[in-house]
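Below: one structure in structure tokens.
Labels A, B and C are assigned to the chains in the order they are written; within every chain, residues are numbered from 1.
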Amino acid sequence: MALFLQHVIDAITYGSQFALYGLGIALIFGIMGLINFAHGELIMVGAYAIVLMGRPSWAVVVLVTIAVAVAFALGMERLAFRPLRGASPPTLLIASFAISYGLQNLAILIEGSAPKGTHVSNWLSESYQVGSVSVPKLDIVTVAVTIALLAALGLFLQRTRMGVQMRAAAEDFRMARILGVRANTVIATAFGISGLLAGIGAYLLVAQTGEVAPDLGSNPVLYAFVATVLGGMGSLRGAVLGGYVFGAIFVGLQSYLPLELRSYRDAFAFAAVIAMLLVRPQGLIVARSVVTRV
Amino acid sequence: MLTIDELRVSYGRVPALHGVSLHVGEGEVVALVGPNGAGKTTTLSAVFGLAQPAGGEITFEGRSLVGSTPEQILRRGLALVPEGRHIFGSLTVAENLLLGTTARRDRSAAAADLEQVLTRFPVLRSYYSSSAGNLSGGEQQQLAIARALLSRPRLLLLDEPSLGLAPVVIDAVFDALEELRADGVTILLVEQAAARAVEFADRAYVLRTGRVAASGTREEILAMENFETAYLGV
Amino acid sequence: MALARTALRATWPLPALLLFVFAVAEIAYAAGDDVTRGVVVVALINLTLVIGLYVFVGNSGVFSFGSVSFASIGAYTAGLLVIPVDQKAILQPDLPGFIAHTHFGSVGATLMGGVVAAAVAVVFAVPLMQLTGIAAGLATFSLLVIVRTVANSWTEVTNGAAGLSGLPVTTGKNDALVWALLAIVAGFLFQSSALGLRLRASREDDVAARSLGVSVRMERRVAWVVHAFVMGIGGGLYGQYLGSFNASFFYLALTFTTLAMLVVGGIKSLTGAVVGSVTISFVAEVLHRIEEGVDVGPLHVPARPGLREIGLAIIMLAILILRPRGITNGRELPWPRLPGRSGDRMRRSTAEQGGDAAETYADVPVKDPS
């Protein structure tokens, strides 16, 4: 029983991380039809910022990490994606792949390809003991931060003018522009928010793994894809749901697959992605806008 | 107020407009009619920056519109209600209307306009907090017009407002347009329901295969022999 | 006479491309140092892979991010067949019997690499070929991850993350060149075949074609399988060039390289695949030399690993932004035109037809100019 509870905690924690990654992808996809392969590199640059910062207080680390990720997000939008506005979705995907590849190698150029270790926080490394179940503080923080971010994002989208504009742009970009919604502002805001999500995700990831490498972003972005495809591309709620569902699948595969099949975990996950794309491409949640993106 | 001069527009290599010229004076209601594919929507799209002209000039209040983006053109005092209503079904009526005020800086005047629009279109007040997807076709058309009005346009462009609507509903829409005319709003109205539009307008242009085939006052156009058949193939 | 001229213009790209590749490869190989010779072989193998990629992506218009997985399958298959039996017994004692005791020569092993890759493609053909656009991109990418994971985990057969080693290094310039030329021929024959032409016709507007009742699913599946075969061959060649490899070699970096070659050259034509491949191979090598530290006059530019990849990424982005149709602009190699002759009439008549019809069949005029 205790083991099962442990798994549940793990599933919720992983699910939160996947939800964060997935949201970054879904936000931009919803508005622009662009799957940003380079989102993983936003996480990576945030992570390197942490490692290179030395030992200021955790608040400073978090803020700087977010600032770096946001800066890179806005930069890639301005330099690479704005000139490609209106290009076909596969072209945009290839472009984001190129950016991802370029940024990874930029990290190799500047920092070398060997992983660098770092220790983010003593406090976060500790765990609470609840009976025979050990609950890492980092897990609690991860889940709490994710929930808080979701709430904040929800409020932003529902209650602010910019949020309404973004939701309108996601449903019908052309009509939004006809009403005067500035395309550049909406898109830059979306990238900025995805940078924010990436920065926070980076902090939580580095706190968990204790190290950073140029290919740090590869796995998160893959997991983000799984989450968004499962939950429904273009739907923020879907990304979150998909993240948690995948978290459960992830931990489930990890814990309950027969030993010899465990290393195939990723293969199963991506087989699920293919199945989802075939059977229910709109995901588990049908996005309320009528347009089918996939 | 609005002058279009020898406008040419092509989609890729396919020409849609071969040199269209028309003029809308301040306070006028001008109808642009013609059969399917004549280029009426293309004309409005070009005016609003949604299609790039291959040649010709579009001038509003003395300044060219060519090369401006839709966001900029809206802020110059034009508003477009495109064909097919395009209301945001995933947003509420209130949020749809809020989007109409996107370009407004004057919050209190915008609030007053909102009140006025809700009075003019009472159904929008009843559905104010509901999802806009719940409205019927005619109600959505009213929402689309109301939304466009909230930017306080000096020139309102309407593309086929009667499309897909029942006759009774069309009456309601034209009643609303009549009130707008009375308020002094300049209107350029594109319609396939030609007779109705021409009767409503002060002047009309008949477009056919990308060219202006006829133009004149309401009386002149209506008096044209075989107006419906010759020019519209009806 | 006009008919003969038409046929000549239609087939002209093939011998031209073959000659071009042969000439560039031979000259570079003869003139270069040891390092350059290795680069030439790798470039030829990459060319084979890009042709494979083009057979599917260029003809169907559907993007595949998972094609390198077929190269992986080909490499492992060829590798397992070409490693001497006694070596296999020592290094991989858990191999299933029929693999453990079989040994093929280089050519046979490479061919088998293609066959097995094609077989796997057949399995995935029906489900995957229903998808287009982004869904196809994501699904094929998922295939890439799946194959890599399986290769890393199926330790009995693939030796797990350590990969295969001890392959006889048999891929030299001549082998790579012959296979590359064969790939070009195969690509050309495929796109000129009735099946290929039908597929290309639907490429421009899949939705419109389907609404007319034209379903090219079978054609697309065939293209998918053929492309997997060629990718498998390329993978087999790579394995027998490297001597040892693991699954990570056939993953994101190679996917990016082959995709960049195709995109830079131009997705829609065989010429594009060839030109892009040669160009990127050349540019990559130049960047690599700079990366290793180069003397430019009195300046010494210090070694900087990663520079080459960044350069390639920037080039790829620049092409996507500035010239999205690639260097060839979607055209096949044009017949050299003499000014003021029937060439002008041809140019004018194809221009009138409009759009991509002229670009796809650049040398096949609908109206006979004479």
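We take it that a residue touches a chain if its C-beta (ideal position, glycine included) is under 8 Å from a C-beta of that chain, and two chains touch if they have at least 3 such contacts.
Small disclaimer: the values here were computed from a predicted structure and weren't measured.
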Chain separated most widely from chain C, comparing mean CA positions: B
Chain at the geometric heart of the assembly (C-alpha centres): A
Centroid distance [mean C-alpha coordinates] between chain C and chain A, Å: 32
Geometric centre distance via CA averages, chain B-chain A, whole Å: 42
For chain B paired with chain C, centre-to-centre distance based on mean C-alpha positions, whole Å: 51
Numbers and ranges of chain A residues touching at least 2 other chains: none
Residues of chain A that touch chain C when the two form their complex: 33, 35, 80, 83-84, 87, 89-91, 93-95, 97-99, 101-102, 104-109, 113, 218, 222, 225, 229, 233, 263-267, 270-271, 273-274, 277-278, 281, 293-294
Of chain B, residues touching chain A in the complex: 48, 50, 69-71, 74-75, 80, 82, 86, 88-91, 95, 98-100, 102-103, 147-148, 151
Residues of chain A defined as touching chain B within the complex: 161, 164-165, 167-168, 171-172, 174-183, 288-290
Chain C residues within the chain A interface of the complex: 63, 65, 127-128, 130-131, 133-135, 137-139, 141-143, 145-146, 149-150, 152-153, 252-253, 256, 259-260, 263, 304-307, 309-310, 312-314, 316-317, 320-321, 324
